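Heads up, there are several structures right after this.
In the two complexes below, chain A is the common chain; its partner is chain B in one and chain C in the other.
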Partner chain A sequence: MQASSVSSRFEAYAAESDSSVKMDARSRMAVSLFMSAVTVCISSVEGQAVLLVASFLYVLSIRRWKAVGIAYAFLAVMMCIAVLLTYGISLLTPIMPFSPRGIAVPFMRSAEMMNVVLPLALTCRIQELLTALKGLRLPFCIYIPAAVMIRFIPTFMHDIRQVAETLKIRGYSLTFGEMFRHPLMMLRLMFTPLLFRSLRTSEELGMAAELKGLESGSCFVPFRTQQWAKRDTALVLLAVAVAALALYVHFKFGTVPTRGMR
Partner chain B sequence: MIRFENVTYTYPFAEKPAVRGINFEVRPGEVVLVTGRSGCGKSTLMRLANGLCPGWFKGRLEGRVLVDGKSTLELPLKDMSRLCGTLFQDPEQQFFALGVEDELAFVHEWRGLPAEETREKVRSFARSFGIGHILGQSIHELSEGQKQKVGLASIMSQEPKALILDEPTANLDPESTVELAHRLRMLKESGMAILVVDHRLYWLEGVADRVLVMKEGEVAAQGNFGLLKDDGLRASCGLRGWHVDDARPHLPESAAPAAESSQPERGFRMEGVTFAYKGQAPIFEHASAFLAPGVTALIGDNGAGKTTLARLMTGLNKAQSGRFFFDGAEIAASDLLRRVGVVLQNADHQLHMKTVAQELEVCLELAERLEKQAAKQKAREGREDAAAQQCPAVSRPRAEQVRELLELFGLEGLAERHPQSLSGGEKQRLVIACAFAKRPRVLILDEPTSGLDGENMRRIANALRLLAEHGACVLIITHDLELMKLSCSRALRLPLTAGKNTGPAPHNADKE
Partner chain C sequence: MKRIFSRWSAQDLVVIGVFAAASKVTTLLVALAGGGMNPISLMGKNLVFTMLLVVMLCRVNRPGTLFLFTVINMIVSMLLLGASVTLLPPILISALAAELAMLAMRDSTSVGTKVLGAAVFDIVSKVGSLGLSWLFMRENPAMMLMVVPFVAIGYLGSIGGLFTGVKAVKELRHAGIIRQ
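Our next item is the complex of A and B:
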């Protein structure tokens, strides 16, 4: 019942969020992959700024204000911690001076990746992702692990929830204070059941695959075809145009930081 | 079809063989049941028949296992799977897709069948298994019975000659169990050779042609179903009953004492509880229920809200409105979790420590901490805790309490084992022992005996009765008719009536 409710809420969440513009999962996947390649190639703040603005508009288009807000808040916290630590290190080791521009590029990259992955995660049903993966006709050794990973997202979410509930039932206090006071104990409490459950699941799935007669080198023929619409082509073309513009800005106006990560 | 010839098998790194000197045959159009105490070698027998031993698990095989006349050592697993289909206890663990239709098509897609043929197979097997209406659903939305049908349809669509079922009724309600028995009869008539490994026996009366009773890796007895009527054999091999009456219609309703009663109220009561999941219609509206000390069965159709009710009673889900009482005294919903013990279904999620003994010690320590916190709070509020007087904190050494719990649940020899290395039945007993460590006034258990053999099922039933005799209210959500018959003295039936539940609610036994 719990797995069911988690999954249905997860799916309903995805479905409802995508009521405005229904895109094919493959176009969202293509944009994510393309953006991850381009963002690595561009190391100037100016080029990254183009990608950041474009990807930010993209994430806003899904109209999941709350989810986007939470994700950005989390990123901001991470950024603050990193800035403080980097600043601290620069004080202790003068050969590594603190440079705001240097630290900006990795965070812009993180934000851009978040901006392209969120629409994929929040607007596509898991089954659509699986179907999209099938449609790509990937090799068996890539498809099966990827599909199983995606297939078990709702189960894994349910497992995490149930482990946390079990701890509450036992009487453990799951506060931040407790986590800071007893980090190893908390890790043991959370991860031991998850680790063993994952091991058991992977073993059972391995056996199930064997018993279903699946094996490497099998020829895959999908029984369902997906609908690739004009708007999907438009989205991919737009991503290519943004990437071209970012590369142009990078080479024409870009100043690569000499310190920090590039 | 499936033939064992003097088979002895030893797992890698094991000193002793898991099964020894096994000889039997499952012919086409025959159902053979394999049963026995947990750890007797039933699962190994099943793995030998489908080729997982030694194909997947490796190990040493002596003798021969033949499927359709071919040795399992000579056939690769992918070819074995076309001859012999296997359905696991939890079919969901076997699914590779999230949708029913995609799951049915999955194997055929990977075997390179043309799309139209795959579609036709999906359509025809969905029709013959009566699952056409759920083709568009997610596997997570299915009941256990539906999952099993999907798993079975997926296997049958590969047209195997033999079928192996591993504890197929462990998660099924009695109605789905009857349906499964009917389907096995049909498959048997179509010439399929069927090997069933199960603890529950009653449902195979009139279906199984032969029974193999295993004991310590060997076949202890072999014969027709009538063999199971031997009480001595069942007791010595830890078997369940061969015939089980459905106790559900006969259990009296769990009702609160009448308002005019002069006796003080004893037990747990919820009143006027309303609850709905976000964006959905209410599951309970001004519902009331009462649990008297003793063991109560929670009965209701699939989706009636049994688990939700249990979660509301433990405070894991927060009711939109409603009040809760212990022995007539109101307690806050936020306080419920401290007073109510609950055992959830999946034991894997509930074990964290390095040894079985440590797991129990930690539970006892946490329980004592909770009791102290409660006592301090009461002292601050200047209130006297009636419950604390009835269940005073136990001052005996913790090691002694651990030993008692280990003995009660038959885990004495496993005290130093890692909890996650135990078998499914042993884990289940350990998590119930952990719940007992909390000394709860109310204990709720969700399917505590699914997959347990007769001996351990009776052990759990005894432990629950013992707890109830000490004044605890025990609520069991179960499909296990034997457990219900052995331990439950009354039933709480869903849907709950609105208002104060002081008398028998309308009976829905017909629907059960």
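Our next item is the complex of A and C:
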């Protein structure tokens, strides 16, 4: 029963993965890096709108409707809070008038970044990310900690869950209210075991790395090799074309919001 | 160049990687557990980060460790978490300033030196992040007014982290986990 449920879950995951076009992690990384630079340069609503539409189509291409919906709902809540606070500040300080166009641009930037990061986060597995990092030919002293960091994050989350369960068994309630009533005690209870676990894990992993002969200049053989396909080149070129179009729209038709800087 | 890159042993590099992951996950956890950007979770988040930084600097007692930690954090954030490229200059400047402050001290291996490094890193990076926030929100300066108190509250947490970091290092030395 258990095996069949695992197998059906795996099949569902595989079907979900296959439904979106499989891209190289490096191309998705390049797109997110490129977008983070372009979005800062453009300060008009028109230019940002071009980027937002293109990035929205990109995030829809992965076909993870539920995850995208949750992310957008979270962004909408954050936006509502920020609009209310900004409106309040503008009422108190008349030199800073409230402008819907002015507040739209920072949130368009956030939405664009979310649109380019979600495909990377939702479609790439840890092994693919590690292989992609290896493919970037980073120096040994950067590759090893970066690989450990990516590999250790799920383990660390598992550790946090275990510590939380242990605390619950011992009678501590880890609720939102408790965090407010006893913040220092909650930090100490959660954090001290995690610090010890981190130090212990780093010692074990470090010894394992030394025993395996990992040192500067050693040759790594990736578990799986990744292929840079034509569709990856097409994705990067498309991102460049969208950026060029957005810059053109920004300089030709863009109106910069109040106090904005071109 | 090879000499610079081979100054850390594999064990040191693993410790840096584990602490980079720990700082990312715990700060996120504290922010989520506190229900977002409220003052308590902001202070807690910064407290935990600074404390981890002090412990890591004492564990990997080599010049350049803070800079390497920052570079790795930024590479992973930029490539995988969508952090902006524009974050890079202020963070690198703050890491360099912290390294120079630590080098300027007479005893570069003492806990006080590491605490000074973490303090310089915190203050310079906070000022840099404010400058960057202005760049992102230049269309609406009222939003900057909201950011400044949040950063100031976060900095109070960082100051607390320096003290708890010293305390944690003392305990870890007593337990024999940090040997230097």
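Definition applied: the second predicted complex is superposed on the first by the 167 of 262 C-alpha atoms of A that agree within 3 Å, B and C clash if a C-alpha of one lies under 4 Å from a C-alpha of the other, contacts with A are read in each partner's own complex, and residues count from 1 in each chain.
To be clear about the criterion, a contact is a pair of C-beta atoms (placed from the backbone, for glycine too) under 8 Å apart; a residue touches a chain by one contact, two chains touch by 3 or more.
Note that the structure is a prediction, hence the values are computed from the model and not measured.
By the touch criterion stated above, A:Glu165 is placed in contact with chain B alone, chain C being left untouched.
Within the superposed three-chain model, A:Val53 lies out of touch with both chain B and chain C [touch as defined at top].
By the document's definition of touching, of the two partners only chain B reaches A:Leu189; chain C does not.
In the superposition on chain A, the chain among chain B and chain C reaching more residues of chain A is C. Of the two partner chains placed around the shared chain by superposition, neither chain B nor chain C is touched by A:Met79. Residue contacts after overlaying the shared chain place A:Lys134 against chain B, while chain C stays out of touching range.
Once the two complexes are overlaid on the shared chain, A:Ala67 sits clear of chain B and of chain C alike. Judged by the touch definition given at the top, the superposed model places A:Met207 against both chain B and chain C. In the superposed pair of complexes, A:Leu245 makes contact with neither chain B nor chain C.
Touch criterion met: A:Pro145 reaches chain C, while chain B stays clear of it. Touching of chain A by both chain B and chain C, each in its own complex, is seen for residues 140, 144, 147-148, 196, 201, 205-207, 209-210, 214-215.
Interface residues of chain C facing chain A in the complex, by the touch rule stated above, are 2, 5-22, 24-26, 29-30, 33-35, 40-41, 43-44, 47-48, 51-52, 55, 59, 68-69, 71-72, 75-76, 78-86, 135-143, 145-146, 168, 172, 177.
Touching chain A in their complex are the following residues of chain B: 50, 52, 55-56, 77-79, 81-82, 85-86, 88, 93-99, 102, 105-115, 118-119, 122, 138, 140-142, 154, 158, 277-279, 307-308, 314, 316, 337-338, 341-342, 344, 346, 348-353, 362-363, 366-367, 369-370, 420, 434, 438. Interface residues of chain A, counted against chain B in their complex, comprise 1-9, 11-12, 126-127, 130-131, 134, 140, 144, 147-148, 151, 154, 159, 162-163, 165-166, 168-172, 188-189, 192-193, 196-197, 200-201, 204-215, 218-224.
On the chain A side of its complex with chain C, the touching residues are 29, 32-33, 36-37, 39-40, 43, 82, 85-86, 89-90, 93, 96, 98-99, 101-103, 105-106, 109, 113-114, 116-117, 120-121, 129, 133, 138-142, 144-150, 152-153, 156-157, 160, 174, 176, 179-180, 183, 186-187, 190-191, 194-196, 198-199, 201-203, 205-207, 209-210, 214-217, 256-261.
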